[in-house]
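The following pair of complexes shares a single chain, subunit A, combined with subunit B in the former and subunit C in the latter.
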Partner chain A sequence: MIIIPEIFLSIGFLLILFITPFIKINAHVKVGYFTLLIIFLTQFFVLKDIFLFEEIFNGFFVIDSFGSFLKSIILISAGLVIYFYLIIKNEKSLLRPEFSLVILISIIGMMLMVSANNLLSLFLSMELQSLALYILVSFSREDINSSEAGVKYFVIGSLSTCIFLFGSSLIYGLVGSTDFSNISQFMSDQYSIPIMLIVGLIFILVSLSLKISAAPFHMWTPDVYQGAPTIVTTFLSTAPKVAVFAVLIRLLVFPFGEIIVDWGKIVIILSISSMIIGSLGALKQTDLKRLMAYSTINHIGFIMMGLVPGSEDGITAISIYLIFYLTMNLGAFLVILNMQRDQINVTSIKDLSGLYKNEPILAACFAVILFSMAGIPPLAGFIGKLLILNIVIDNNLFFLAIIAVLTSVIAAFYYIRLVKSIFFDPPVHDLDNFSNSQSKFLLSILSLFNLTVILYPQFFLNLCASITLSLFALK
Partner chain B sequence: MLFFFFVFSFIVIISSLSVVFSSNPVHSVLFLIFTFFNTAVIFLLFNAEFLAMTLIIVYVGAVAVLFLFVVMMLNINDSLMKEGFLKYFPFGLLLICIFFGELYMIFESNVFITPSDIRISISELVDGGMDNTKSIGLFLYTDYFIVFQISGFLLLLAMIGAIVLAHNEKINTRYNSPIDQKILNKKDVIKLN
Partner chain C sequence: MFFLSIFLPLLSFFICVSLKDFFKSQQLSFISCSLLFMASVCSLLSLIGLKIEEEKVIILGNWISSGSLDLNWAIQLNLLTGSMVLMVNFVSTLIHIYSVGYMNKDPKNILFMGYIGLFTFFMLFLVSSSNLVQLFLGWEGVGLTSYLLIGFWNYKDSANKAALKAFIANRVGDFGLLLALFSIFIIFGTLNINEIMVLVNSHVDTYFEFLGARIHAITLICILLFVGCMGKSAQFGLHVWLPDAMEGPTPVSALIHAATMVTAGVFLLIIMSPLLEASSFSRDFILIIGSITCLFASSVAIFQNDIKRIIAYSTCSQLGYMFMAIGASAYSAAYFHLLSHAFFKALLFLGAGCVIHSMSDEQNIKKMGGLFNKIPLTYFTMLIGSFSLLGLPFFSGYYSKDIIIELLYLSESKFSFYFFLASVLGVLFTSIYSVRLLIYVFHGKSNSDEKVIAHIHESPMIMIIPLVILSSFAVFFGMFSQSFFFGSDHLDNWSQLMHINKKVDEFYIYENVPTLFRKLPLIMIVIGSSMCFLLYFSFRKSVLPFFKVNFSWIFSFFKNKWYIDELYEKLILRPTIYLGKGFWKSIDKDLIDNLGPDGISRVIQSFSLVVSRLQSGYLYHYVLSVVIGLTLLISLYNYIF
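For the complex of A and B:
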């Protein structure tokens, strides 16, 4: 019936919050495992309702297969991040029980975002998730970079909030309602769309691009990714992106589906500039986290291309690409998290050199993930890129496809440079041993996934196609 | 009624001009509070008692008092602030013209919907004998219930965040924990002869 997963998650959050002060010893570990348990149980509730379609709370939220599917992806990736947090040696300021709690409340925000069907509920749930992210970024208090990143992220995030509110107030002023179905009703009734409505949509698009770090609204990304504690960067580059993409798809394809000619151009410009900046900006980076930030921008640009036709196939391709993107990013960040010297996380590219000599299997796994990010066949990243390019070419957007391929080639250079430094450079400084077997196990599973997806691509294709079908059925 | 409206609007205009032109920043803030009070009275004249209450509670009770504290702490030198007034004056005038032009265009055009088109009309409810606060409450706790709950969560998160970022667990304070004292063994204690 109603939003049971979110309610369960909220009650679980409040329960853990209540018992946290009474746990004296090793509170962060125990709270972390409780959080994992809650996320695991919520997953069942999400999957139970995956075939349901219902508008609830006076149309403030909508439950459908598309939303439930993305919620389940968000839960899996957030659960993995919390598991990473538990198995990896963190710096001391991160070892507080509030860490998992803030991640949990940000998941609640994301899940509400995915199913929001009204500008008001969308705004509030987006604020819930981004406020949690600001706290997470500035979590490590002893580290001055973390505070700096927190302030930057907060300022940019507030700006994006203001822009979003301005855009939605314009739309509310024209339509008289913030409900998505009323907005789409208004669109179909009108002979000519008032220009103010498009202006409002542009404001909302700009705000969402700031959240998703699509160029030219990407400037905060490298600084925040570098300054934040690495475990937070892992979280920042995975689950929130899925949630914002869900919002983009729901907003652009449904209420504003009529004016696809207008927003299509904007999305094309966003994706072209993201791909160019994401590939060129990373060339000179020496820090792995900064490099990952640019790589994220590049991937976001690639995913945005799938939105341009606004069709079912495009959204299927986006969903598949998002899944592969999550596995690649989680794998890469798992290695970065494990790069420690004297118990301190180091993130320079130089520190990677000669990894192959010490840890051959691990280096091979990492190389697989990097090749997958570069889009080299037959790995998962290649399949994602192929699907998106296929959509783009089907819609006769050849210039977009050419730019995408060219930037992918440039981007492949810096991924392969990492591989070269892992395998062929002499080791400069020895890192601490990758002692924990759990992260080795997880990393090998993630890279195995990337390797073997080519054997059963039809499974993902069918799954995502049926999910998107439900999204279009209600139109 | 109209007479009172003009009286209070006149006071509002005078006091808000004084906010800008008074030389002492503390006086400015006090004039700002005075402006808020008079605006609240104007709201009351038009039966919008909820807006009047929130204006006084939120703006006077919280925001203006915060301003007052900040102004008192910062020790602002106003002769420095008035420097370059003439330099920025033309730009300010331009902004004022643009702002008034925009206002004029909004009032002239009928791009935006009129209040009667809005789905929930508070004025109808008020005419039907419900007062403002009651009807807002009715909508907030029924139709807009879920949004209200999410805002509650937002505030809870803000509280947790403030504690996470500001709370400092001091290890070397001289606080004696009663539990530690109770579980102390006799052999751990230093004996002074």
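For the complex of A and C:
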């Protein structure tokens, strides 16, 4: 069986679920470490099969290096989130063993999503991860904000599911199959593409845009990001985005590759509106988590630009950007997670002011990550932006490049405003000390990565290029 | 060896600036002085080791290589650059030593030493460069350090203003020099000095076409070069900064504004002499400006009361002599005067520094007097310096200045006789202001407070020794090196390096200049001095007040420096400031800022407010937005794409 990682994860999940009731003391910590162990072992299974290519379960799933690579990235980011959960001081409502387990379920869903090769299997796996995420968002049951966010996320998510199903049914009605390769076959046989097919694709695109919060389907993002517990927001802004992007790439490039002219325009619209909304919306925010939500929207818009040409280079750039985006986001959220006053997590921008005086090294690391997000050379964010812009310009989409650069300038403003408030504003109320040395260590590693990636960009370029190659081997 | 003589001052700068917190100031002063001393020894040795007519180019690396423009970092050693480097290093060493005493009580004295070191480096770099761009770098570098040093006492408002004035006036000249470089590159296609010299003859008949006018290219280049020199060498028109530059510490005035930097213009024209020879118009132009400067500065100097300003105007007028020599094609004479002037003028400035030092920072000569027996050594050295400046026989100024005056008589220009008369008149003025200065400062009754008088003392040895060394040069330099610049063998020495005027020869002059004219400068000195003696000793009570009352307009005209500063303020400064304010307020602030950065940011802010307001928090709004987005995309696709 090729699908060993997922099976291993599932068995591990069941096993932990089984032993959880018997752990009396500190159950959430022990379960968390078990989960980490399982994720760590799964990583081996994923990497072992990274060069395999096989369609399994009658073409329901496909195993290829692209998928395996993204799976490994998802595992790493999920593992880091669970590690964050273990090392920081959480609120009481989060201290339950189920937390890690639910994350584990959603990882299983994401991994299946990444290798889905059929609209049906895609739908099922997407539902699996979404359901887990709904639970996570409303995890602090006592907290009214968390519950509100959970409801919003659930309703919007159900809407997305509806739209996805409607789109799939349209496509099924035309093609007579939900299999990606059959859809692809259908496309190449047709003389002219029926408009209903494209409408169906638009439905699916909208549904996926809801998942990655591309504008104008972003409305839920700030509210959910703010309302959800910070550790959940961290998870929400990292792993699921990677998974959905994997789906987008696989879906658009492979079965719908024939009608690239049609969906290209839609992706352009989505990306432009995301970049504009992401940069403009964040300017007036006073809450860091809301700000990060808009920052995510902006980044998503930027990444979507790489999809427009549907070429190998574009997908390579997307993969690299995703990796860098994860490191930046995890770093930023690690700081937000550690911002506590009287044991309570605070997320206002004002609370950051004067951080430099108390925690100079930490402030410097955070500044590096913020600069990287703003795309200041020579940090990682700059390299990612450079690669994507390169692709865009190579395909003569100059207006897109200009909009991207302009919105990046606006976005740079709010990142740098944070830096200014960290370094130059007088501290209002001191935060609790960032006593936690593990998160300091992790943060410095993340910022060091952002700082030094300029020295070995070729490594990532080669890695991602060879990974993407497998995607195009299918054709 | 030559390399060291140029880069040791730079090392001194770095040591002084970077280590000033770690070592005592005495140690650093010692290091800095000894580095400069080593640089002088190196330059002396490299000059001795140099054969006449030999030329060495030391290439340090490639600088710019772009198309046909190919420039190297290179230093060039030949008789001209070698002797100039030796002079600069020598004077700079003496002034370093002098400054140790002079700046003793200043808290920033090490920084001062560092700046002087940096200045010396840039000056040497300018002198020794083999291409014009590198020369320009040194040119700007000395301008920068001059700015830093004039404004060294930056707590004084006047020092800051003077520094700015110097910088801006120099920028005008630098602009001319830059244009000259551009046109040289257009005409000759190279900026290497030696290559230009080779190519001059093939471009004698090249013309620029500009707005329908045909301009002789080489004349244009020469005029532009001279505009650059006018700025740096304070010629009439751009001279305004030099008197004000005396706000800087006195060693700075001695080094930068007397001996070295201000002569950079003369030096530049000397090395570009073959170009000047191809354009008689530009030489006439230089003659006119030079003679005006000479007369102007020496006449104004008579009516000044600040001891340093008098010497500054004297410098200005002596530079006028040098440029007149260049205009008369007597380049070697100009160079000779440059060197001898460097010695006696540095001597005069340092002597003035000693006087100021002993008078508790008093600079007004009317408040001095009767100092000759209280500070005898300073008096003696000042006397030597003044005699040399006057050109009394057998002092070095006599050899260098008189030959310029005689050559002016012989020059090819149509108005040579008038230029000759102007120069002789300049000698008269020079003698008047020099003797006046000596009388006011050292003779007569003391006019200062008792406190100051009680405090009068001879300067420390470390300041006197440079004076003594310089005065020996002021006496003997002309006598011993005269034959090297004039006479039969000067042709062999200099013919490779500059244009040589065959008239620069004692016998030729002896035969062609009437005896009366040859003795005229001396007669003028006698007349001027005796006038001074009569005015300030015998008729002090009767004649001087009479003149002051009845011819007050003459007094105020000269005292206010021909109203040049006021003229500039009315004609250039006020309109510029008015225009600048207009542009700043109405165009930049109201138009560009308002529509540009501020306007855009305001628009973005209002948009961001809209985006934030859309975020109502109601779930049904969100769902509606999804539905709207979906339908919008589908309809967009169906009807537009």
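Here is the rule we use: the second predicted complex is superposed on the first by the 474 of 475 C-alpha atoms of A that agree within 3 Å, B and C clash if a C-alpha of one lies under 4 Å from a C-alpha of the other, contacts with A are read in each partner's own complex, and residues count from 1 in each chain.
What we mean here is this: a contact is a pair of C-beta atoms (placed from the backbone, for glycine too) under 8 Å apart; a residue touches a chain by one contact, two chains touch by 3 or more.
Note that the coordinates shown come from a computational prediction; the quantities given were computed from them, not determined experimentally.
Within the superposed three-chain model, A:A132 lies in touch with subunit B and out of touch with subunit C [touch as defined at top]. Once the two complexes are laid over each other on the shared chain, residue contacts for A:T234 go to neither subunit B nor subunit C. Contact with neither subunit B nor subunit C is seen for A:T20 once the two complexes are overlaid on the shared chain. Of the two partner chains, neither subunit B nor subunit C is touched by A:T327.
After overlaying the two complexes on the shared chain, residue contacts for A:S271 are found with neither subunit B nor subunit C. In the superposition on chain A, A:T468 makes contact with neither subunit B nor subunit C. Contacts of A:I163 after superposition on the shared chain: subunit C is touched, whereas subunit B is not.
By the touch criterion stated above, A:G173 is placed in contact with subunit B alone, subunit C being left untouched. If you check the complex, the residues on subunit B that touch subunit A are 111-113, 117-119, 143-147, 150-151, 153-154, 156-158, 160-161, 163-165.
Residue ranges of subunit A in contact with subunit C, taken from their complex: 151-152, 155-156, 159, 163, 195, 198-199, 202-203, 205-206, 210, 216-217, 219-220, 222-223, 262, 265-266, 269, 277, 280-285, 410. If you check the complex, the residues on subunit A that touch subunit B are 10, 17, 57-58, 60-61, 96, 98, 101-102, 105, 108, 112, 120-121, 124-125, 127-128, 131-132, 134-135, 138-139, 141, 173-177, 194, 196. Within the complex, the subunit C residues that touch subunit A are 604-605, 607-612, 614-615, 617, 619, 621-623, 625-626, 628-630, 632-634, 636-638, 641.
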